[in-house]
Structures are given as C-alpha cells and as structure tokens.
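One chain, chain A, links the two complexes that follow: it is found with chain B in the first and with chain C in the second.
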Partner chain A sequence: MRSIQRVLTVALGLAPIILIVGLFVLPLLIWMGGAHVQALSRVSTGSLYLSLITKTVLLSSLAALLAVLMATSVAFLHAFSGVHVRHALNSLIMIPLLVGFLARNYAWLGLLRSMAGSGGSINLYRLIGSLLLYNNRGVVLVMATVFIPFSYFIVLQGFSSLRPEMYEAARTLGASDLRAHMVVTLPIIMRSVILAFGLCGVLALGYFVTPKMIGGGQHDFIGNGVLTLLNKLGDSAGASLLALYLFGTAILPMVLLAWYSVHRRTLLLGD
Partner chain B sequence: MRQAADLFRHAIIRTSFVFVLVMLGVFACEQKQQAEPKSSLGKEASKDGSPGEISVVSYGGGAYQESHIKAFVQPFHKESGARVESIVWGAEYGHLSEMVKSGRVPWDVVEVTAAQFERGKKENLFAKLPQKIDNSIFIPVEGSPAADDFGVPNVYWSTVLAFRSDKFKGIQPQGWSDIWDVKNFPGPRALYDDPRGNLEFALLADGVSVKSLYPLDVDRAFRKLDQIKPYVLVWWSDGTEPVSLLLSNQVAISSAWSGRIFASEQARKAISYRWDGAAHELDYWVVPRGSRNVGLASRFIAFASSPDPMAHQANLTAYGPSNRLALDRVDPKVFPLLPTAPANWSKSFVISSAWWAKNEAQVSARWITWKNK
Partner chain C sequence: MALTEVYLHAFLPRRVRIILWFITAIVLFLIIMPCLYLFIWCFWGTEVIGLLRSPGDPSIQWVRELLEDPSWQSAFSYSLLLSIGVSIAGTALVAGQNYISRFLPRRLDSFTFWLMIFVTLNPLIAYSLSMRYTGNILVLPEWVILAAGHLVIVVPLQYLIFEAAREKLPRDLLWAGQTLGARHWANFRHVFLPNSQLAVWGAIVVGFFVSFDEVVVAAFVIESSHLTVPLKLWRGLSQVVKPEPAVVAVFMLSTLILAEAIHYRALFASDKLPRRAFKDILAGLWQETVAFAVSSAVAWFALSPGGTGLLGVSFKIFGSALVGFLSGLIVGMFKARGPIYDILGTANAEDGEVRSVPRFFSFEGISDYVDKADALRGGGWVEMNLEDISRISRVCFARARGRRYIGTDRHVPSKFYKLYPHYLGLQLERELASNDVRIVLYNEHDLAEDSLASPDLTRRFVASHVGVGVLLLSVSWETAERIAQRVRLPSPDFGLFGGQFVLFFDPPQSEEPGCIKLRHVDGQLQEMLETFLLELVENANEVVIQDGLPVFRRLLPETRDAYKVSLSALRWRRA
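Moving on to the complex of A and B:
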C-alpha cells in the first residue's frame, strides 16, 4: 500500500512538470529549431529589441522601486500600529485589486485628463495633471500604484520577523529610535524588499497597456513591439522572437534574486 | 515525523489530482470548442429555406459601428430574414491571418484596408465571391478600383489636419507644412501612431507634390518627422483621441479622421479641418477563406455595396462611398463633407495600398525604433 502511495505521489507530483515541459519547453525548442529560425536573421527584430529594452528596463525598475518604497512605508505603519489600524490598512491595500487592471488605467487617464484640462484658479491640479499626463512620469506612477498591493504583502512578511525585544535591546545599548530602525528593522526587512522589487520589476517588464494609454504612445515597451508585430503586421515569428528576448531579459534578474536568496547568509555573515 | 510525512504525501496526491483533472477539463473544453466555432452564428440558409446567419466585422465601435448596423445590418435582415451579428475589430491583420491559417474562421464578412486586401490576396486569405457585383448596382467613383473576385470596395475614409476653430486668431493652418510651423501655430501636436499617412504628410510638408509622393522617400520623411517629434504630445491610436484632445485644448493641432469629427455635434461646432493634402484610404469587404457562409456573406456584400445602403451610411458618417451611384443619393448637406466630393477629392490623395502592402513591415519596425530614440 505504501509503495502504491509512493508511486502515486511521484507520478502526480511530476504531472505538472510534464505538462509545463510538454506545452511550453518542447514547443519553444521546436520553434527555435524550425522555420521561425529565419526570424533570428532579421536585423529589424534585433534593432527593435535594442531600441526598446533600455526604456523598458529603466521605466519598469523605477515603477518597481517606487511601488516598493510606498509599500514599505505602509507596511512599516502596519507593523507599528494597533489591530484596527492594521485591518484598515489591509483593506485599503486590497481595494484596488477588486477593480480590473484596464479599468484602473482608464480611471487614471480620466483623472489626469480632467486635472490637466481644469481651468479656474486651481492651477495646482492643472500643473500636476500636465506633469503626469502623456509622459514617462505618469507611466511610472500608474504602474507603481498597480504593484503596491503585491509589494506590500511581500514586504509585510519581512516585518513579521521583527520582535519588540530587539528594539528594547537596541535602546538598552543606547541607540536612538532612528538608529534602532537602521540596525534592526532595515536588515531584517531587506530580503523581502529586494524580493518585492524583483517580482514587481519582472512583472513590469511585460507591460504594454499603461505605456500606451498614460504615456500617450511616446514610450513603447517591448510588449508594445510584440503587439504591433503580432496583431498589426501578422509577423508571428518576429513577435515570438521579441517575446523570447524579453523572456531572456526577465530571467537574468530572477536568477540573481534566487542566487541572492540562497547565498544571503554567506554574503552577510560570512558563514 | 512519520505522520507529518504521510500528511505531506496526501496533500501532494490531492493537489496533483485536482491539477490534472483541471487540465483535462480545459483540454476537453478546448477540443469541444474546436469542433464548434465560437460564434453561435454561422449557418447558411438551410435546404428548407430558413434564412441563415452571418457575422460581419468592421472597425472602431461607436458611431462607425452604429452606421453599419443602421445602414447595412438591419436593412439586410429585414430584406433577407438572415440574422447578422455585428462584431468590432481593430484591423489586426495578424489576427485575421492566423485565423484563416488555423482553419478556425468564425467570421464571415470582414472590412479590411486596401493594403490589407492586397496583402491578403497574395497570401490567399480570402474566399472567391460567388455573387458578382454588376454595373446596375455598383460603379466605382473616378479613379477608384472596381469590384474584384475577392473583394468589393466599400468606403473612403480620410485623415485630415484638424484644429480648434477658436485657437488661432487671424491666419489659420491650411496644410501639413503648418503643423511643422511651431512659430506661427504654437502648441502641442498629436499625430496618428502609425507611419502610414505620417510619412506622406512629412513629405508634403517638405515640399514634395502629391503626384510625386510614391514611391515614398522614407529617409527624407523620417528626417522631416525628426523636426516635429519634440512637439508631439500624443501619438494617438484611437479615433476618438484627437477629437477629445482638441476639445479639451490639450493639443493645438492634430491629424484626425474626418468621420470622427462629423460624429460628434460638439466637435463639428468646435473643430475645423482641411482637405488640402488629406489622405484617403479605401476599405474593402472580403470573406475570409474558410468561412462556412460564403454564399450568404457574398449576398450581404452585394447588398451593402448597392447605392441606397451606401448613401445611408455616408449620411451617418460623412465617409465617402466608393460607389458613384450612391453619391447622387447622399443628403445635400452631407455631400460637401465627403472625401469623394469632387471639391475635396481634387485637393487630396489616396494612400498607395500597393506601396504599403510591400513595405509596411519594415517601415513599421523602423517607426517604432524612431519613435523611441
């Protein structure tokens, strides 16, 4: 009976891996070795990638950084607040997730347009709207607001490791509040902050709706290039190749993050 | 310890079992869907004479789709009894191409641009139309192509230079060179996010005559576009965007589709536009190869190409019917606004579908690279 259970466990545990290999990895290898290899020789796809990758990586990183900073501030408040405030913060963070992603982009677009077009004496609204609408500042801000919930719950895990005794010990040794947070809070939450940044950054790399809507078509991400090649031009080989380049770009930070997670202790403590 | 291992093993078994069941269910649904097309419509007239059903695909939604429903879909249903489903698409050639190549074609009639028609014919994407369009119902306007075995010309739509009527006191923009004239006509600009049309406008602004536009000097056009790029606030992709940008004063001058300005009463009052150097594009009705309703689809196309429905659509959109017989039936108030009205036709040009069918892929890739420099 136990041996049957063991076999069943292994077989069913392997099923998802087999499906991923069969439905993704194998078709990818067949594609790379097949007729679409001609897309590799096309200069235009390569130059398209190079023209878009810098902006994609830069704006994605900025959006992820902004999201993590904002999420960390809220998580900090959560960690040092009472129960009711914590519940309220959790609910507020969750609310945007109830609304679809596209609806949120349209909401931002409507808000920024009405601010930029507002007349009368409220010039501050007009200024803010003009500063954010149809440029990369607005793109970074809107993307960051989408990532705040994801960053928040990851960073919150880092804060859950904190203990009041650590702060007591720091104060006993003469540390001020600020110093206590620098030497206690920051090192403990750093891992979750970096993980949150990595996850949000990789998600941001694939964006194309926000850059198009809020960016006014000024700043295309690689996703916009893929969409143009695939839908508008019917160049599925070129689109696949561009998407593969993007996949490769996203893999690198994930590998670095995984390596950091494994070797963090060694790096920090020399163990 | 042993208990924990057992619990873990059971959890693995349960989770994996559920996962495999879900994947099998998804696979089964996918197989069922392949056997039956997604659209609930798709029946030719049956042998007992009951009317059939087709799906008709055109652009944009909003006023343009409404005009199709009022001018073509509802009257055709009334006349033939056939049910017609009106679907919107964004002219994604890749989507149409992949659909036909996969053999799963839920669409029966599609409206495509002239460049897509040229390319689609070469790539064997369209079915041959069994119902011929004769001269009693369709005579092409002067200079316009005739109906083809694989498609019938539908409507001319135009990209024009547009601005707010109250924006510039005194001299107002007259042509595309004025969009480059940031000194006399200051303010942000908006242009369509596509090289098609923009390269032509750049060359016209650089002094090239309409007759000498094609083949396009792409390098020269991009050099000219370099001059205006810093002043372009929005590269719009939705037809309603330039109208709302102009109405909200966020841009001073924009290219825009004339029908979108006509569609809004507020825009008609507030926005002026010029036919000088306007770019016309022709759309075609086609039946994708693999459609199961070629006969009924062909009947719909013949109906939609006849004078009365085309004139009705022109009255609703101010886009130019390609059928000369329809022009006589357009409302006299709307006629001067049509691209195919002689006074406008003589000042403007038709975008070359042959040139773009051949060069669109390379130029579009260059366009994206250029825009993001």
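Moving on to the complex of A and C:
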C-alpha cells in the first residue's frame, strides 16, 4: 500500500513532465520522423524557406525590439513612481490581454482601414493609415503592441532588484543622477530586457495571424507559407517540412532561453 | 507609500520623468486604442470593416445576430466546453504537482521549470502540425487532439502562475502538517488549497481565456465543420467583415467581469440588498435565458463531435446540459445588465422627485409591507398612510416612465400594480396639472398606415399617448401581436407602457354594442385590470363623457387621511 502511495506521489510530482513528454515530445518526434521520410523528394520547400526566413527573422526581431523598448520605458516609470501610478499602469497594461489576440488584430485592421480610407485632402490621419496598412511597418507595430504586456511584466521583475542605497552610494561618490542610471539601473535591468527580447523574438517567429491580416498577404512569415502549402495547395508534406525547418531555426534559441530562464528564475517570477 | 518607493521616486530626474510619461502615454494609447475600437465596433459597426454608423445610432444588432445564429451557438458551446475542461484539468494537475514538488528533490523542480519554458517558446505551427499528423496516425477524434493541444499550451502558463505564488506558502507549513501526522490529501486540502486560492483562481481564469482564444492549434487540427470561436473568426477574414470579432471580445470581457464579480462576491456584498430582489432578478433571468439555453443545447447536441456509442451519447447529453446552462447564464447576465446596474447603482432619492426616485431594490420599506402582506395570507388589513402609498407607487412605477426604459416592468411585484391608479393620478397631477384619467380608443382603421410601418414608428405612436391613462386598441389579433411585440408588452392582451395601460380587445359584436371582449387575460393580469378599473371608478369624484368616451376626474383624494390597505387585495378605504 505504501509503495503504491509512493508511486502515486512521485507520479503526481512528475505529472507535467509526463504530460509534456506524452503530448508534446512524442508527437513532435513522430512527426519529425514522418517529415524526414518525405524530405528527400522536396527541394522547392528549401528555397521557400530561404525566401521567407530572412523576412521572418528580421520583422520578428524588430517587433520584439520595439516591444521591449516601449515596455522598458513604461516599466522604468513604474519602478520610479508612487503606488497609485503603479497600480494604474498595471491595470492599463492588462487590458489588451482581456479582449483576445484575434480581436485585437481585427481592431487594428478596422482602425487602419478607416484611417486610410478617410476622405478629404491628405492629412496626418490618412497618411498614417496608408503608411501602416498592408505594410511591413504595420506588421511590426501591431506585433509589438501584442508583445508589450508580455515584455512589460518580464522587464518589471528586473526593476524589482533596484535598491535606493545604490543611488545614494552613487550620489555620495559624486555621480550625477543620469550617470547613476547608466551605471546602476541599466546593467541590472539588462538581463530581464535581454530575456524579454529573446522570448518575444522566438514567439514572433511562429506568428502568421498578424502578417496575414495587417500585411495583407504581401509580407508573409514562414507560418503563412505553411498555411498556404497546407490549405491552398494541399501539400501537407511540404507544409510539414517547412514547419520542421522553422522548428529547427527556433530550437537553439529556445534551449538557450529556457536555460537562461532557469538560472534567472526571479526575472520571470519576481522575488 | 513605502519608504523604498519614496527613495526610488526621488532619484529620477524631472526631465527624464517627463520624457518617460510622454513615451508611456504613446504606448498606452497604442495598446488601449484597439480595445476601445472593439467596443465601438460592436455597437456602431456595419458589415464592412472600417466603416461605422453615425454616432447617435448604436445598435445591438450584431450581438443579437451572433448569439442567435446556430453556427455561432455551436462554436461558442464548443469553445466554452473545451476551455472549461482544459482549464480545470490543467489547474488540478499543476496544483497537485506544485504541492508534491515541495517534497521532491529541487533538481526535478528546475528541470520541470526548464521544460515549461521550453514548451512555452515552441513555434505552435510546428507543434500543431505534429498533433495533426499524430492524430491521423492514431485515428484519434478531433476534439481529443484539440484538447490535448490546448492542455500543452495552458499547463506551462498555469505552472508559472503557481511558481510565482510559491513563496507565499513556504514548504515548512506543508512539512509541519506531515510531521503532525496529516496525510498528503488532508495536507493538500487543509493547508495547501486555502493558502493558494489566488493562484488556483488565477490559473483557472488564465487557462480558460488562453484556451478560448487559441487559434493556431485549432487552425491546423480542425478539418471538420465543428469550429471553435477563434477559428470561425479567422476563417471569416475577407473584405466584408461583420463586427463579430468585436462581439466576441465584448463577450470575453463580460465573462471576465462576471468571473471577477463572482470571485469578489460583488453582487452579494451589499447589506442593503434584500433577498427578494435576487429572486426577482433570477426569475427574470430564467425567463429570458431558457430559450437561448435550449437552442444552444440543441445546436450542440446536433453538431457536437461525440460518438454514437453509449459513452458518446452520454457525453453529448452531458455536454448539451452543461453548454445550455452556461450559455443561458452568460446570455442571461448580459440581458440582465440593466437590473444589475440598478442594483449596483447608488440611490439618490428626493421625495417628490419622480426621475430621481429611489431605485426599487434599495427601498427598504417595501420589504416590510410585502412581508406583512405575505403574513396576512389573503385576509385582514394593513394600515398605510397616504405618504407610504405615494412613495411605493412612485418606486414601483417610476421606472416605467424612465427615458431609456420602454415597456413593462416585470420586476415590480404584482401586488403593487394595484396601486397604479394612485400613481397615475400623481403623475397626471405633476405633469399635466390634471387629475383626469382619460380613455382613448383606436379602431384598426383609425390607426395610420405609417404608425405600423416600423417598430420605431409603432413605439412613437404608443408613446405619444403617454399621460392619457388608458389606450384601448380594437385591432385584429395579428395587429395586436405585432404592436405588443414592438412595444414589448408581456402579451398581446394587456400591458403597461410608459406608465399607462395599453389594452387590446376584439371589436364589439353587433348584438352587444356596448361590450368589449378581451381575448385572453391570465389570472394575474385579470386581477390587476379588474382592480384598476374598480379603483378608477371608486376613486373618481366625477365621471364625464367626452367625445363618447369616459373621463374620470379628480382621482386623488383631497385629504391626507390614513388608509387601511389590504395588501392581499390592495384596496384602500378611509380609516
């Protein structure tokens, strides 16, 4: 009886691992094996991958960078403000997470269309809409706004390491406030900023909704290529191979970021 | 403000603070503007995305269209069932693991953390294809693959939530429980769960919304016609896009607010709320939502992906019942937003002021009278003075005359309908400087063509007679039904609109020229009508005939005497 209880206890402790191995790792391995068998006959998928990967990595990185910069500014203000401002900022940043990812993309599409289609002589409103709609600029901006809440909460954990004694010491040693921030604040938060950038960038690699909706089909990511091969051309083998290439591209950053997250656990979960 | 916050606050130069505020304002504008647009799009949207109605012309057309469409009902049902199941299963799994991990080596904990982050980062496209491929090989039902995929997405996030709350429950507490002889299950129930309530709730809510909003796995795995809500939105992308995404977003936000309200017991927090108010609200909710619940359940039963064996049929029946209940509850809360707003709203009442009258449910005195009436059990008298009668009348019927409220007030207890003549007199005295109650009669051929041309015109026609007292409509059954539906009367026989009675009746037969026959009036309405007419006659000082119709004059008594009121019958007489 005790041995059964012990086994059950250990099994419960390992439950997420068992779940991930059974429902994540095994299907991936089965799929990779199947895709590998078909790989020998697919040459064009490689050229499709090469044509899409540069744009995917570039736009994903830009979106992640923009998101992290904006989130860091807000987090900076949060860290150096009073309790009411903090609560207000936290609440406002949470709002987009409550309305759904697809709905937000649709909202941006509607907004940009109404801006671009507004009548009259050229004005700023119409100009902005034209610049962003069906353009890679719009794709980057919308993806960045999607990632802002996510990056914000990660970067915020980095700011929680700051102590007033550090700035007092800097002042005592004759440093100006600006220099104190350059020497004290930036190095401390840099780890969380890098982590947020890495997480957002890797997640962005697999996006296809925003490039399709805001890019209008002209600025496709690898994910859009997979969907096109699968749904429009019925080429499931080619789609699998392309997705496998994407997975292969992302796996090294995934492993490194996961390892970095374990060692900087407080950057994700707070003190 | 904590000392640390004060100190940090002091180390940011003013110029830098101003620049940061400027950047923050831009960032907040960029992330909140789409959310505001969703709300606007939901109520002012047209069939073309980017094109809005005029500002003064909001509509719930799209909400109604979406909620009444069987395909959307099925999609909502599917998504709701899936999200709730995945969220609860994931939370149970992670909660159990979080508890047990306190008793296992730390290295295992680190490896689990690494694995969860790794899974969170994986490109969902690749994973979705792998699930589709594996599911086809193993010949698994589509919903099983979908649930498994959602579980893999949701569990790491729930794990991170529990990990973030780990420090709030030190492992010493759990070890202490074990040392004192508690088994794991008792320790889990009595020590872990009570101290992890916030984490459990957060995990359920996050799991539900992430699963409900998930589109990538659904896009690759679902090949049948059973779509989830996000997939239905994704496949609807074209040049012409109805505001369905906005309706879904408003729906999700409403669900979250409902969930938080339940969690924080906002609806039950007020001590001023009498229980009867909730009974009335629930009664109204039940009537409003049964039809939608049943249609959702039927749609789910017809379209659900369950199998044909005993297990499959049981699943379908259980799923139908659960889906029907949840759908009805959510739609009912949406439709009851008016009464809920009334309950949560504050009462700023001044006696004598109709428009700022105390809201019904915050009028504490009413419950006393209702309790006394209940105690009488059909006999006896309760003494009320004229001020109380006036006050109750205003409270009961003022809502029927509110600017935004068109139609009858089903939440007013039927007993108090019998005070209507007195209320009517108060209104007429106040607004028309007259105590006269008139009866206006319209035959079918008297009604102008344009007054029945559209719902708005019909409402305007009936509203134009507010303040008269009684509107008699001698029309055909079809016309009566149409008018009743447009002005939202409870039946095509009789009802209150804008504070006055609207009565439909058959044209008089030739052998009974002086009689009018009501088609069908149920017990409650019949009692109300009889009492109203009797009171009208008894309390009128004078009845005159003008243009062939009676006018009841001086309805109000002139002296402020005490009245004995039989609340079971609600007649009053001078004491």
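One rule holds for everything that comes next: the second predicted complex is superposed on the first by the 213 of 271 C-alpha atoms of A that agree within 3 Å, B and C clash if a C-alpha of one lies under 4 Å from a C-alpha of the other, contacts with A are read in each partner's own complex, and residues count from 1 in each chain.
Everything that follows uses one rule, which is that a contact is a pair of C-beta atoms (placed from the backbone, for glycine too) under 8 Å apart; a residue touches a chain by one contact, two chains touch by 3 or more.
Since the model is a prediction, treat every value here as computed from it, not as a measurement.
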{"item": "First, second, both or neither for A:Gly216, with chain B first and chain C second", "value": "first"}
{"item": "Partner chain(s) touched by A:Thr9 [first = chain B, second = chain C, both, neither]", "value": "both"}
{"item": "Chain B versus chain C as contact partner of A:Leu19, first or second or both or neither", "value": "both"}
{"item": "Contact breadth on chain A, by residue count: chain C or chain B", "value": "C"}
{"item": "Which of chain B and chain C A:Ala237 touches, first, second, both or neither", "value": "neither"}
{"item": "Contacts of A:Ala63 with chain B and chain C, given as first, second, both or neither", "value": "neither"}
{"item": "First (chain B), second (chain C), both or neither touched by A:Lys55", "value": "first"}
{"item": "Chain B versus chain C as contact partner of A:Leu199, first or second or both or neither", "value": "second"}
{"item": "Touching partner for A:Phe101 - first (chain B), second (chain C), both, neither", "value": "second"}
{"item": "Touched partner set for A:Gly117, first chain B, second chain C, both or neither", "value": "both"}
{"item": "Touching both chain B and chain C, residues of chain A", "value": "5, 9, 12-13, 15-16, 19, 113, 117, 212, 230, 239"}
{"item": "Contact footprint of chain A on chain C as seen in their complex", "value": "1-2, 4-5, 7-9, 11-13, 16-17, 20-21, 23-24, 26-28, 30-35, 37-38, 41, 49-52, 93-94, 96-97, 100-101, 103-104, 108, 110-119, 121-127, 129-131, 133-134, 137, 148-149, 151-152, 155-156, 159-160, 163-164, 166-167, 184, 209, 212-213, 215-216, 219-220, 230, 233-234, 237, 241, 245-246, 248-249, 252-253, 256"}
{"item": "Footprint of chain A on chain B - complex, ascending", "value": "9, 12-13, 16-17, 19-20, 23, 90-98, 193, 232-237, 244, 248-250, 360-362, 364-366, 368-369, 371-373"}
{"item": "Complex interface listing, chain A residues touching chain B", "value": "5-6, 8-9, 12-13, 15-16, 19, 44-45, 47-48, 51-52, 55, 113, 116-117, 133-134, 212, 216-220, 224-225, 228-236, 238-239"}
{"item": "In the complex, chain A residues that touch chain C", "value": "5, 9-10, 12-17, 19-20, 23-24, 26-28, 30-32, 34-35, 70-71, 73-74, 76-77, 79-83, 89, 92-93, 95-104, 106-114, 117, 141, 145, 148-149, 162-164, 167-168, 177-178, 180-181, 199, 202-203, 205-206, 208-209, 212-213, 222-223, 226-227, 230, 239-240, 243-244, 246-247, 250, 253-255, 257-259, 261-262, 265, 268-271"}
